[in-house]
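Presented sequentially are two complexes of chain A, the first with chain B as partner and the second with chain C.
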Partner chain A sequence: MPHARTAIRQFILSRFPGVTFDDGEDIFGLGVATSLFAMELVMFVEQHFALQVPNEDLELANFRSVDAMAELVQRQRAAA
Partner chain B sequence: MSTGAVTTVGVVGAGVMGVGVAHNLAQYGYGAIVVDLDEEILRRAAEQIRAGNRMARLLGSEAPQADLDRIRFTTDDRDLAEADFVVENITEKWELKREVYPRLDRLCRPEVVFAANTSAISITRLAGLTDRPDRVLGMHFMNPVPMKPAVEVIRGWHTSAETLDTARALLTGMGKQAIVVADAPGFVSNRVLMLTVNEAIYLVQDQVASAAEVDRIFKSCFGHPMGPLETADLIGLDTILQSVEVLHDSFADSKYRPCPLLKRMVDAGLHGRKSGQGFYTYR
Partner chain C sequence: MTSTFAPGGPAAEPDPPAQDRAEFRAFVDRAVAPYADEFDRAQRIPEPLLREVAAQGWWGAVVPVEAGGTGMDMVTLGDLHEEVGRGCSSLRSLLTVHTMVAWALHRFGSGRARQRWLPGVASGELRGAFCLTEPEAGSDASMVATEAVRDGDEYVLDGVKHWITGGQSAGLLLVIARTGRGPTAFLVEAAAPGVRRTPIRDALGTRASMLAEIRLDRCRVPLHARVGPEGGGLLVATGALDLGRYSVAAGCVGILEACLQASVAHTRQRRQGGALLRDHQLVRAKITDMVTQLSAARLLRWHAGRLKDTGDPETLTATWIAKYFASTSAMRAASDAVQLHGASGCGDGHPVNRYFRDAKIMEIIEGSTQIQQITIAEQAFRGLPPGERS
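Moving on, here comes the complex of A and B:
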């Protein structure tokens, strides 16, 4: 899912310019992202990838890192 | 006079605050009648409550989800005849509130208490628009309503002890504490917060520190979850300016004079988060 990773990374960087992090890194551990941003990530993922994150997947663990979000997108697409 | 148990609450105005109040009521088993002027606003309100449920789930909140079946959305304010209590959340403009209160007074049963969800307008003055000034008080909810544990409750000049008891019981039922204060411009919260934000803007203007540095001092040294300038961006700089001006006018005290940098930013359209740019850049 290289495209998904790139899009997710770009979205995060558009909000926190200059921040550096690995795809596997917990972005909430960087000290910049807040819980408000978590909801923005959900909305971004749903809009950008045209999917609806089901209730059981609405947990912070799925949005903690670029990798976690890319995996979520992949799972949702496989299920669709 | 006992008002009996409150089971259904009228929520007048479905903006950010009205939606939050309705959400909170529907979490804790109350019925809500949400009234606004047009269907589109009400449709968005329902959507925001659904989004609020999802947000709570995402953050692992243990609070109950809002039951949308308990909320009636309506453009017909005559439905408020069924309400046991009313929370008014319309725009913070006296000219608008002046129209609404006499109408609520006619539509609602005489024992019903009116709570003005305001951060700025005098409760005593609002109460004077009705024939029930002893049953009018202020409830300054904080945003996001479902996540804030306390409400600044304002006792107007004529507010009775029974009215305060009714309000306290309702807030307890909504999982909140009431902190009762007297009626004065800005009450407690805005009088301190707006002056703090205004002074923080002076620090940036005077180049004592950058916005990020000011905020870091509040977060890292005082343990505040947000700094004053991030808070200003979230509230909206236009709203901040308006609030500081209300304090300045009300007290006629120069300590509330709005910072020139704040005025310039508002004139330039830098209204904070909602405009994409304030002390920080969004998107």
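Moving on, here comes the complex of A and C:
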């Protein structure tokens, strides 16, 4: 999912320019993220990848890192 | 209307509006605005009017047509709440909280929950109330003390919710409670054993919004009443509050317009110092401010609504900005409207007296002015280099 990871990284950087993080790193642990940003991430994933995050996946754990979000996207695409 | 996370949703193929602003306006001018001061004095909205609103399909505005609702897009919903807010902030407040519950139920509710409650919520036969605020917690879902403990096939809820709009008459409560995995949302029937509500009277404003304190004492709800996953309450609440904030912004645009209309009507006929008030330059300055702020607030609200209809994450900040500007502008306009009316505007039962009291409430609910200032400024600081943001 290199394309998905790139898009997710770009979105995070568009909100927090200059932040450095690995794809597996907890972005909420960077001290920059809020509940508002969490909701932005959910909306971004749904809009950009044209999918609906199911209820059971609406947990912060699925949005904590680029890897977690890319895996979520992959799961949803596989299930579609 | 789609059922994606964003109120409005990214598929952005809104159903064609079945009603438009002219219809909303005509209804409000006929059935709401002329009686709003009576509602304010009685501290309740009469049931026949609530049923008339149901006949308009406004309770189910965000529920898709196929699920029994009206399927309004977000821009149209904003138009509706502007018009209702122009006539009566209390009725608009009831629509706001109900719409938040309807959206959360449709978006996050289990299949059984939707089957059980969505038809009534969409039709308005079952009205909803959003129960987040507590004596020691405002709009921050992470701070709630109300507890939900799993017990077999049920959850047991204990706690107190305060300042619950519509709490006196709502049939379905969306309660944010704490579980072992964090804040979690539950639907609770107001008639369930263990639910006790106490009316809150004589609030400063929106007196007819039927405020109540809700006490949950060993209140049992089935598993299917959980809304979203355990620990997902923060996202449910954030989404619902975003929608509520948008509605309040629209309501404030309505207050602004009402203040302008009242001020123009008064100053065109009231004479002071041998001249009509409208001919005094200082009066014209206040009218100009109202016109300008009304126009700007309406555009900010519309912009936030457009972003919601395309599922754009920018809508979150746009909604904060719209609510901040509209609520502070409504307060200013209401203050000026009272000033222009002089002593008569201070009298009990004068509409501008009510606008003033209602506008103050708008600066507090769905994120106070100060919380908005902190949040909006944080967005501005996001662009700074790391290490300079806090």
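In this section, the second predicted complex is superposed on the first by the 80 of 80 C-alpha atoms of A that agree within 3 Å, B and C clash if a C-alpha of one lies under 4 Å from a C-alpha of the other, contacts with A are read in each partner's own complex, and residues count from 1 in each chain.
By our rule, a residue touches a chain if its C-beta (ideal position, glycine included) is under 8 Å from a C-beta of that chain, and two chains touch if they have at least 3 such contacts.
Just so it is clear, the model here is predicted, and its values are computed rather than measured.
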item	value
Partner contacting more residues of chain A (chain B vs chain C)	C
First (chain B), second (chain C), both or neither touched by A:15	both
Those residues of chain A which chain B touches in one complex and chain C touches in the other	15, 17, 35, 38-39, 42, 55, 58-60
List of chain C residues in touch with chain A within their complex	2-6, 9-10, 108, 110, 141-142, 228-229, 231-232, 234-236, 238-239, 242, 310-313, 315-317, 375, 378, 382-383, 385-386, 389-390
Chain B to chain A touching residues, read off their complex	51, 54-55, 57-60, 281-283
Interface residues, chain A side, partner chain C - complex	15-20, 31-32, 34-36, 38-44, 46-47, 50, 52-53, 55-56, 58-60
Chain B-facing residues of chain A, complex	14-15, 17, 35, 38-39, 42, 55, 58-60, 63
